[in-house]
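The following block contains the structure, expressed as structure tokens.
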Amino acid sequence: MFGCGTFRHGLIRYLRGLGIKVSEEKSELQKVADVDVETDIRRAIEAILMVAIDPVSPGILAQLFELPVDEMERICDSMVDRYEEAELGFLLVRIGGGYRFQSNPEQAQWVERFVLEGQSRRLTAAAMETLAIVAYKQPISRAQVSAIRGVDVEGVMRNLQQRGLIDEVSRDVGPGNAVLYGTTQEFLERMGINSATDLPPLGEFVPSSEVVEALERSLRVVSDEVTIPSNEEG
Amino acid sequence: MFGCGTFRHGLIRYLRGLGIKVSEEKSELQKVADVDVETDIRRAIEAILMVAIDPVSPGILAQLFELPVDEMERICDSMVDRYEEAELGFLLVRIGGGYRFQSNPEQAQWVERFVLEGQSRRLTAAAMETLAIVAYKQPISRAQVSAIRGVDVEGVMRNLQQRGLIDEVSRDVGPGNAVLYGTTQEFLERMGINSATDLPPLGEFVPSSEVVEALERSLRVVSDEVTIPSNEEG
Amino acid sequence: MGVTVTTPVYEGPFDLLLDLILREEVELYEVSLLTIVDAYLEELENMQEYDLELATEFLLIAAILVELKTRRLLPSGNKVDPDDEYGLWEERDLLLAKLVECKTFKEAASQLRMLSQQASLSWPRRAGLEDAFLSLTPDLLEGVTKEHLREACLKAMAPRPSIHVDIEHIAPIKATVVEAVKELLEEVPKTGMVSFKQLTKGLTDRIEIVVRFLAVLELYKLGVLEIDQIDSFGEISVSWCSDAELSDMDLLDIYEG
């Protein structure tokens, strides 16, 4: 790639990034050239994202442009900001482990009228809770999810897998070699996040001490009281 | 639609376009407001064109925004110019009777590299399942495939169609006249069969009730308010 | 008690417990199962479609409540086995931990729903490649056979597995009322007047005691046994009704029918 046009400057930039001195002194012209390199890369990325069907990972871009991944991320992230500032009808976002163009949520009312087919069907509360468990506890076996939910989750997990929101990711090393599940890229896209680590920490959802106390109170065993059992309510 | 927010100004503009005097004198504020209206419409158009699969005709946009077609064309053409001037990696072009975003031909070499290096060479599981449903259940509408798979299949079907594996074969006789898809001759040849009936039988297999329901159901007519015909389902 | 039950409550079995405890501020052990069942049946009638999953999960809730209530209902007096008491506390802590965990994921789920609602306001660009580049695309059908297609189709159309309730975490109830009735029919005529305490002497499991008590009530209802309790919370004495006419087998038939 360094043979093609202004990208020669990319090499210089890259070498500099590795701490290799390329030029004693950075001339004004070189600074402009650097900007140009970025503009060229930016344009190429824009063109690629325009034809890509799924989010394009910084890794793939880094490979194409022969630049370090973190450099690629820096460029892309600055593009994300730039598109946001431009207040267009669409955005460039980092989602599902990559970058993509998508309509601006502010224009949802118009896009909705244009796209006859709605978004994917809404998940039931049961499916959502199961999904939350998998998302936070992954990799996790079906039996473990079951234990937390208190019911068999086979049907729900199968449904989530069919929708591409969760998938088998590995196998338990312990006896039984249970299949372990995790969330997919589709899940990240559905949640509008880049990676599962972007989810708000689970600790935020632990019930307050008042709630825990209320629960505890209601479960208190009163042992010194003798009551007559009745068969009506049992 | 003129009830919704700043688009009230659209009405004023429209009436003026028809030569009806709305205000004796155009204040500075009104001029600004006019610009705002255009900005709002521009953003909405950008959002729609960003997610549209095929070029969107000015007629459809005119219907959506309840503006005259020539006014719509004027707005879109000014957008075409604007995007060209911005020298981005993509362009807004008028093509095939409509407008669409597409990669800038100047970036063709990068798009090519991306296609050759960055794309997966195998059918994804989602694409495979979609292709299989179309192959076995043809002719079938996109909505029916979607109902069976439980997810939106627009992107996947578009991809399969682009690759020449499936194509539009007829239209549903029921209300809505949905486009029905089937596999192509090329697909049959690649599979080494003469017709779809030569595919291995599914056997003693009872499809789920969801599948039966999806296959039996004709597309419902969208009867309320302004129905924007999507470019795919006409 | 006025427990109003709404369908979403039954999405998970711990949900109901949570809901009852938090919303009604009831003592779990005072929850009337009858009230819940009534409200639930009403809810089922109002439902457009019968939902097997909800129905079975409700049964699990009922089972958990029955178990908890039986523990609470038993006369423990002063002779509480320390081990048993300890076990009860342990079990309670376990239940508490489960309820807290359930509540945590319920909150997390509602957060996920908010995230997905926000994300659903944007549509991704999926237009794909322009025609000019299509000839470059790799051959997607490479290595795909007819059999692969068949498998993929079967996978996509497979019915969802039937839903069954996992009751492993509930202690298996070995004792049945029918068996207890049989035992009483053998025992009581021989012993004459006997206290309930004596009748349950050899039993260690609380649930067995409950079952035996239910059997006594059943036979009392049929007029085979007489029950007497002089003081409130006092000793219950059980005796064979001398003019009982039914044969043993008839009794069992009636009970089982």
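Note that the chains take the letters A, B and C in the order they are written out, and that residue 1 is the start of every chain.
Convention: a contact is a pair of C-beta atoms (placed from the backbone, for glycine too) under 8 Å apart; a residue touches a chain by one contact, two chains touch by 3 or more.
All of these numbers come straight from a predicted model, not from anything done at the bench.
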**Q.** Other chains in touch with both chain B and chain C
**A.** A
Q) If every chain is reduced to the average of its C-alpha atoms, which one ends up farthest from chain B? A) C
Q: Pick the chain whose C-alpha centre of mass, unweighted, sits closest to the average of all protein C-alpha coordinates shown.
A: A
Q: Could you please state the distance in Å, as a whole number, between where the Cα atoms of chain B are centred and where those of chain C are centred?
A: 49
Q: Averaging only over C-alpha atoms, locate the centres of chain A and chain B and give their separation in whole Å.
A: 26
Q: Between chain A and chain C, tell me the centre distance in angstrom, where each centre is the average of that chain's C-alpha atoms.
A: 37
Q | Residue list for chain C, restricted to those that touch at least two other chains | A | 123-130, 133, 160
(Q) Please output the residue numbers of chain B that touch at least 2 other chains, ranges allowed. (A) 50-52, 101-103, 108, 111, 115, 149, 154-155, 159
Q) Residues of chain B touching chain A in their complex? A) 4, 42-48, 50-52, 56, 60, 64, 87-90, 101-104, 106-111, 113-115, 117-118, 126, 142-143, 146, 149-152, 154-155, 159, 222, 226, 228, 230, 233
Q | chain A-touching residues of chain C, taken from the complex the two chains share | A | 8, 11-14, 18, 21-22, 25-28, 32-34, 53, 57, 60, 66, 69-77, 80, 85, 88-89, 92, 95-96, 98-113, 115-116, 118-130, 133, 160-166, 169, 210, 213-214, 217, 232-233
Q: State the interface residues of chain A toward chain C in the complex, per the touch definition above.
A: 49-53, 90-91, 93, 100-105, 108, 111, 115, 119, 123-126, 128-129, 131-133, 135-136, 146-152, 154-155, 158-159, 162, 189-193, 199-200, 202, 204-207, 211-212, 214-216, 218-224, 226-234
**Q.** chain B partner contacts - residues on chain C that touch it in the complex
**A.** 123-130, 132-134, 136-160
